[in-house]
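Lettered A, B and C in written order, each chain numbered from 1.
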Amino acid sequence: MCVDLFPICRSITGNGVRQTLSYIKDLLPDLQLHEVPSGTKAFDWTVPKEWNVKDAYIIDPDGDKVVDFQKNNLHLVGYSVPVRKTISLEELQEHLYSLPEQSSAVPYVTSYYSPRWGFCITHERRKNLKPGNYHVFIDSTLTDGSLTYGELILPGLSDKEILLSTYICHPSMANNELSGPAVTTYLAKWLTGLDKRIFTYRIIFSPETIGSIVYLSKNLQKMKNNIIAGFNITCVGDNDDYSYLPSRYGNTLADRIALHVLTHTHPDYKRYSFLDRGGDERQYCSPGVDLPVVSVMRTKYGQYPEYHTSLDDLNFISPEGLLGGYYVLKKCLECLETNNTLINTVTCEPQLGQRGLYKTLSMKRDQKNSKDVLNLLAYCDGSNDLIAVADIINRPLWELMPLIEALMKNNLLKALRKNQ
Amino acid sequence: MCVDLFPICRSITGNGVRQTLSYIKDLLPDLQLHEVPSGTKAFDWTVPKEWNVKDAYIIDPDGDKVVDFQKNNLHLVGYSVPVRKTISLEELQEHLYSLPEQSSAVPYVTSYYSPRWGFCITHERRKNLKPGNYHVFIDSTLTDGSLTYGELILPGLSDKEILLSTYICHPSMANNELSGPAVTTYLAKWLTGLDKRIFTYRIIFSPETIGSIVYLSKNLQKMKNNIIAGFNITCVGDNDDYSYLPSRYGNTLADRIALHVLTHTHPDYKRYSFLDRGGDERQYCSPGVDLPVVSVMRTKYGQYPEYHTSLDDLNFISPEGLLGGYYVLKKCLECLETNNTLINTVTCEPQLGQRGLYKTLSMKRDQKNSKDVLNLLAYCDGSNDLIAVADIINRPLWELMPLIEALMKNNLLKALRKNQ
Amino acid sequence: MCVDLFPICRSITGNGVRQTLSYIKDLLPDLQLHEVPSGTKAFDWTVPKEWNVKDAYIIDPDGDKVVDFQKNNLHLVGYSVPVRKTISLEELQEHLYSLPEQSSAVPYVTSYYSPRWGFCITHERRKNLKPGNYHVFIDSTLTDGSLTYGELILPGLSDKEILLSTYICHPSMANNELSGPAVTTYLAKWLTGLDKRIFTYRIIFSPETIGSIVYLSKNLQKMKNNIIAGFNITCVGDNDDYSYLPSRYGNTLADRIALHVLTHTHPDYKRYSFLDRGGDERQYCSPGVDLPVVSVMRTKYGQYPEYHTSLDDLNFISPEGLLGGYYVLKKCLECLETNNTLINTVTCEPQLGQRGLYKTLSMKRDQKNSKDVLNLLAYCDGSNDLIAVADIINRPLWELMPLIEALMKNNLLKALRKNQ
């Protein structure tokens, strides 16, 4: 999937986005594609004109094509206006972007809301440009069109929703951001195949910032009423860190779930602050929106040198990296589906031995056997949900679940929420 | 007292318990003994049949008595059913319990709720058993009878109660558990002799688990209404640690008192988690019971190698060890009796000098003299009880009491609770 | 100012206090001087008789004036009763005060509320006193008079008040206490000159303890209703530490402001406990008064060896030291004037680019530019005041103010309090 989608020229609008969503719809047939016309108001924002590119290049004084959009779509500054002219190297320099400290990387540059044109090249190449006249050609269109996003609603037993949101606006870069759409697609396929879902899943594939703002402007009230936890899915494909970026105050169910899963699966995960944010949690967690959304990532955007350059390519991600991102998010969703508030049904400890839940022979070495059972019975007192109980006991919820199910089957614990 | 009681064969029921309680009643004449018939329901539990043993031994192929209940009652698995037969060594092995890692210790094993028989021996002895036929003999009875516990209520000025609870179900072991009944007995004697008790004391000598469950089933509502703090008294006889095990959420008056006393008397005490629990706090702190009960111990059960073996004998405890346990618990009770919420009677600082509470000559070196007085006046603002004030000031309550009494006598502080 | 005021013999009453306040009134013409007659009741206290001294000395057996009040008014114990007699060295010794561990220092000693007389001398001098008869002479008066304090009210747009309080009762000592009146005077001059004050300022120059108690007894209800933050200004003239001493529970606006300013201006400041208090915060923060008052100091009283001796002289303080104390308190007042609760006016992030508040070109290296703007918009959600927002963002409020003003001008933030 990443290999197929990598070469497509995506931006916040345009045919590259449609082509990408169409590819995903082949994998998730229930995905709904929405088109929002240019000029549509969304809170403080307006949907911009649609941008499409046929070709773009620079020809040097020797007649060589020194920069070619066809070879790498990062070469063109995103949302560049059309241009066709011959200019001096000095004038050209004002439209070139490169990274002196990463001289072999093509940077990723955009100018969505201010009309500009420009090219991104490696600093090595830039230093070798000869004096003389250059022909620059950008065959782009900026016209009234629409912004495209994909939405997949997977109904569950409850109206309460879990949000998954990812970006489809980045051109040829892999971790940020093909890993997000890829992992989200496979999470959606897994969710689709479940026999039973407690919660309804709202899964969004949209361009960053303007996409989530447009989406929120159309769905805010319903989302505020229903969403109990959400995940912004980005940078989930490399082999390095696992990372957590909290919601605005770090105190939501999504935060507790993410911390519980990462603590037990990857205890050396990196914990960021909301001050380190940079993705759509900026919108989902903004005042007045206040959704319980966190980011669970591999190496966080901005924390690896390849970020937002041509070096964030298919070699930077790996099947193992993506699978790691997938598993940790799947574990979060499983914990959410499992979570409930249980309450003890008997006063004092129940007699576990007669129910086969406890060794009947008491001997020094066996004392620790049934600690989990007794701890579950002690802290399932109606004041803690299962994640809180598991946190108190310091055990992963998934390892406690067989015991919890046995205790429920024996009517020693009962659920306060009934729809399971 | 420990020497006298050590040899008695105690269990959760039977004549050993009665004999033990009768001995304690000689020391505490107001102790009430209660008998609860076998078959009585108590929450999820049923009082088991009563178990008594006349004799038990194993005779080896040479005719030697290799294991003899008369020599050490730990040799017999608690609640062993009667048996009289000759069996091979192989078959016998299935009924033997020993500790390979502590080869000179006889383990303590019970099987209260599942009919079994068995013998506990040292691993050294077990390895030297010869092949051949063994005669096993257990002259025990398991009949309808009753569970016996002792209860002593010492009335105070207030109906509010302090709970002391300890175990009388352990056979020949010293720290766990003759230290608990011994220290509790002497605390009760001290309380009995007091001129005035603010609180009513509810003191329970009962078999572990089933005893406290039975007791709670008969007294729960009254206990929930009245008990303001309680102590589970166990493992208070050795010379090593001082230990604290909190209530379920660690936030009760009993927790605050125990921490205050241990912090100032034994600052190197060990602080356990409720997850480390193993005694009757399991019942007292269970959901629906929710009593404010903690354990203040010397070395905690399970934390010393001699625990639940024949090595926990009279050599493991000492008069100094028991006295240390007694003093720290006595200090807790004294702090409870002393505790009150006081409130300042004057706005701004009172003029202490004219009342003889402050040096009248102010000079650099004297500045620290009256810090405690001023701190008491500052934090006795009606929002903190005296334990909280002493914690803020970081001073032991007992060292502040003479000042507090002087301030009350001068009408600078008055008590919100009047019954003192 | 310190040079002029240093030689005056101040005490809690008397002409030295009037002379000092009159000097300050020359600098602050609106300062109101109040006289409270001896015998006036103030809560638990009574205004004492007024004390004035014409002369005092000791003449040794050789006829030499070995101690002379005219040379240093610290030589006389504060509130000494008149005396004129010849006594032996032995009897004299009972009336002498010196510091063996600081043999060249004259200690500062007072006996306000217990009739005494005495002299303070260096320990060096004391050791060299010859046997024989000494003539002691104290020409003091203790008569019905009055206690004098100065009060300056600077009205602001709001009735809500900020309290500044300092001491004018210390004789010839510099850091404790001419630095307090000096810095307070210059803060008052700065406040007087402001175009606009949000808050009303209540500025008190009074004798320590009895002065603040008398003042509170006359103004308590109004102060409790209006004061939102206050500063006890003392020991603000040396070159060493910056120090913070909290209010009784350390949780007031004054505490938050002081911590914010010191954290960003002098991160190595010393943080004391309310248990370390020793000035008029004892009255302002007492139960029933409960004003939000903290002390922001240079080196705290009692923490430097020169404290309360003749060594705390004009060499111990410096213009730089006083200026440092002035600036940090001024910063606190500026933060209070600036502080407000702001709320975001748009849902989701506003489009900052079109308002010139954000770079319109997105490139890797520019990502951090507008963090402050986005963080302000995220945490100005109506639940935090600006100090709290700045604390969350971990940035000094004064550096954020230009951005905050730009955001308000652009109607992206609006104030919940309107009087600015």
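In the analysis below, a residue touches a chain if its C-beta (ideal position, glycine included) is under 8 Å from a C-beta of that chain, and two chains touch if they have at least 3 such contacts.
Note that this is a predicted model, so its numbers are computed, not measured.
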Problem - Interface residue identity across copies chain B, chain C - same or different by half - result: different
Completion exercise
Rounded to the nearest 5 degrees, the rotation mapping the CA atoms of chain A onto those of chain C is 120
Practice task
Would you mind pulling out the distance in Å between where the CA atoms of chain B average out and where those of chain C do?
Solution key: 54
Exercise for the section: At least two other chains touched by the same residue of chain B: list those residues. Expected result: none
Fill in the blank from the handout: The chain A residues in contact with chain C across the complex are 42-45, 97, 99, 107-114, 116, 209, 212-213, 216-217, 220, 248, 274-275, 278, 282-283, 285-289, 302, 307-309
Problem - List of chain B residues in touch with chain C within their complex - result: 343-344, 346-351, 353-354, 360-365, 367, 371, 374-375, 377-382, 392-394
